[in-house]
Amino acid sequence: MTSAARKDPIEINDPDFSASFDALYQKTWGPGAVPEKYKQLTGVSISIVERCETCLGWHIKEAVRLRANKNELIEAIRVGLLTGGSITIPTVRKAYEILEEQKVR
Amino acid sequence: MTSAARKDPIEINDPDFSASFDALYQKTWGPGAVPEKYKQLTGVSISIVERCETCLGWHIKEAVRLRANKNELIEAIRVGLLTGGSITIPTVRKAYEILEEQKVR
Amino acid sequence: MTSAARKDPIEINDPDFSASFDALYQKTWGPGAVPEKYKQLTGVSISIVERCETCLGWHIKEAVRLRANKNELIEAIRVGLLTGGSITIPTVRKAYEILEEQKVR
Amino acid sequence: MTSAARKDPIEINDPDFSASFDALYQKTWGPGAVPEKYKQLTGVSISIVERCETCLGWHIKEAVRLRANKNELIEAIRVGLLTGGSITIPTVRKAYEILEEQKVR
Amino acid sequence: MTSAARKDPIEINDPDFSASFDALYQKTWGPGAVPEKYKQLTGVSISIVERCETCLGWHIKEAVRLRANKNELIEAIRVGLLTGGSITIPTVRKAYEILEEQKVR
Amino acid sequence: MTSAARKDPIEINDPDFSASFDALYQKTWGPGAVPEKYKQLTGVSISIVERCETCLGWHIKEAVRLRANKNELIEAIRVGLLTGGSITIPTVRKAYEILEEQKVR
């Protein structure tokens, strides 16, 4: 869910604002006191609570890149489901479909 | 944000449902592949995105009990603020007031 | 959660809009194919999912006026809690406090 | 919106958690003091307020199975629309499309 | 996001309610003390905060019809993005895609 | 809802992040193609849809400082109420109480 992707429409249409927002984004999700992997797992949980599938795909991909394993992802998904309730079930199903597509173990 | 507190009104009025929900709650937030401290920091971020001050107080207290330090809490707060936007600012202010009250370092 | 209360600030400040909105409100929550009691129990469930305590107090009062009993209210509260997740727990606790105050049986 | 469907990805990937959640789900939406039909109509209203089309399709199907008629469904839809406001209109349109597909009378 | 479109399913299935709601809708978004163009720009900002793409398409189209230019739309989009946070980024990207499709300058 | 207030806890505890966020905030709500008054009226509408009373107080105060009159504020409030639905009524009542306190005409 970064605004830094090349040819991102926000970057093209509102470049200064996009660059400032992206700097905050990097500072928020980048290295620090909390390991980046755990931040991305938080992103997975929030995406479920907020029922944002695009956000979810992004944060799962990032978590996997940072070597989160399947058990860690399952726990992040549970936090989202229990906190956000049964209304998140369609999003939780999507999360497991993404894990299967990416052959996460 | 547990339903396990003594004399919790949910436990008193709907004991079976409360016990089952609480078992799921313990399973979700308890020990596992993701260290409990990082789960509670996730709880801090979600509480900010969802603007739930009662939830926030609970998760900060739990994170501090699990020895989260101030830098870790600041990073969890940033994730909530940037993800949820400026509408979370009143809740973020509350988060810092709680950290100050609890003399978190 | 009606805008029809006497001296309601919406009615005072924007009377025509308030009257039209209130007519829709009466039509929505008034008698019809679904008994009014069950509509008010729906209002209790929605108030929990949306974490609106003022709305919750209103819908519980209306449900009780329409002779909803405690078991029916507990079931409406469960629908809200399970659908909206653990983030609704502070609101669910409030629901049971209101039931206790009103001595609902 | 049950997690009990066969081959549900939640059941496959997190079977114990899924089974416990599903037991709560059955307890919440199953028979009790409030007739199941009215619970499902509540599910329709909540799905509209929360703008969850997958949830909406599920609850309409369940309500129809429990012999809710068109007038009852229209009243449940109104509760969702008026409570959640004009932002729910795309979801309300979807609700009526589903009723038409299912030839609800 | 009007319920006034011909053959709108709400109008067909619940005509009286739809007509009353639509009258409120016209009163809310129509001419008054605030120029209609600025109301529609508000609609753009709200659609982003609420992550409603159907609503967004409608309000952009209306804003353009009322001669909002690209700089005004960019500012309305910024209000939505900063207020609603990074979780709105997929919706903001959609906003810029719509502006490009409609060749807004 | 600015993070620029003196002694703001965000500024004290996370000064660099706060300063960057505040720069975006000023750019978003400051002068530009859309007059600042109309941006603040948008802030009033969003605060109602999102049911954030602290945000609402801020945006009303700013709108009044920028010489928004009562009729303009009523129209911004209507946009929030109709878009967000009856669940916003407690927040709308608060809006009118603030207008009365500030003797807005």
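Order of writing sets the chain letters: A, B, C, D, E and F. Residues in each chain are counted from 1.
Heads up, the rule we're going with is that a contact is a pair of C-beta atoms (placed from the backbone, for glycine too) under 8 Å apart; a residue touches a chain by one contact, two chains touch by 3 or more.
Since the structure is predicted, the reported quantities are computational estimates derived from the model, not experimental observations.
Q: Going only between touching chains, how few steps reach subunit E from subunit A?
A: 1
Q: Strictly by the touch rule at the top, which chains does subunit C share as contacts with subunit D?
A: The shared contacts of subunit C and subunit D, listed by label, come to A, B, E, F.
Q: Among the other chains, which touch subunit D and subunit E together?
A: Per touch definition, common to subunit D and subunit E: A, B, C, F.
Q: Would you kindly state whether over half or under half of the residue numbers at the subunit C/subunit E interface are used by both copies, giving same or different?
A: Same, since most residue numbers here occur in both copies.
Q: Hey, which one of A-B, D-E or C-D is the same interface as A-E, over half the contact pairs lining up?
A: Interface equivalent to A-E: D-E.
Q: With contacts defined as at the top, give the pair, B-F or A-F, that has more of them.
A: B-F
Q: So, what's the distance in Å between the C-alpha centres of subunit F and subunit E?
A: So the centroids are 19 Å from each other.
Q: Averaging over Cα atoms per chain, report the distance between subunit A and subunit D in Å.
A: 28
Q: Once you find the CA centre of subunit B and the CA centre of subunit E, what distance in Å lies between them?
A: 35
Q: Note the residues in subunit B that touch 2 or more other chains, in rising order.
A: Only 17, 21, 24-25, 27-28, 46, 49-50, 74, 78, 81-83, 86-87 qualify.
Q: Using the contact definition from the top, classify how the chains connect: line, ring, star, complete or other.
A: Contact pattern: complete, every chain touching every other.
Q: Which stretch or stretches of subunit C touch subunit A in the complex?
A: 49, 81-88
Q: Which residues of subunit F touch subunit E in the complex?
A: Against subunit E, the touching part of subunit F is residues 24-25, 27-29, 32-34, 38-39, 41-43, 45-46, 49-50, 69, 71-72, 74-76, 78-79, 82-83.
Q: Which stretch or stretches of subunit B touch subunit C in the complex?
A: Residues of subunit B touching subunit C: 1, 3, 8-10, 12-14, 17, 21, 25, 46, 50, 52, 54-55.
Q: For subunit B, which residues are in contact with subunit D within the complex?
A: For this pair, the touching residues of subunit B are 16-17, 20-21, 23-24, 27-28.
Q: Residue numbers of subunit D touching subunit E in their complex, please.
A: The contact residues of subunit D facing subunit E are 51, 74, 77-78, 81-82, 86-87, 89-90, 92-93, 96-97, 99-100.
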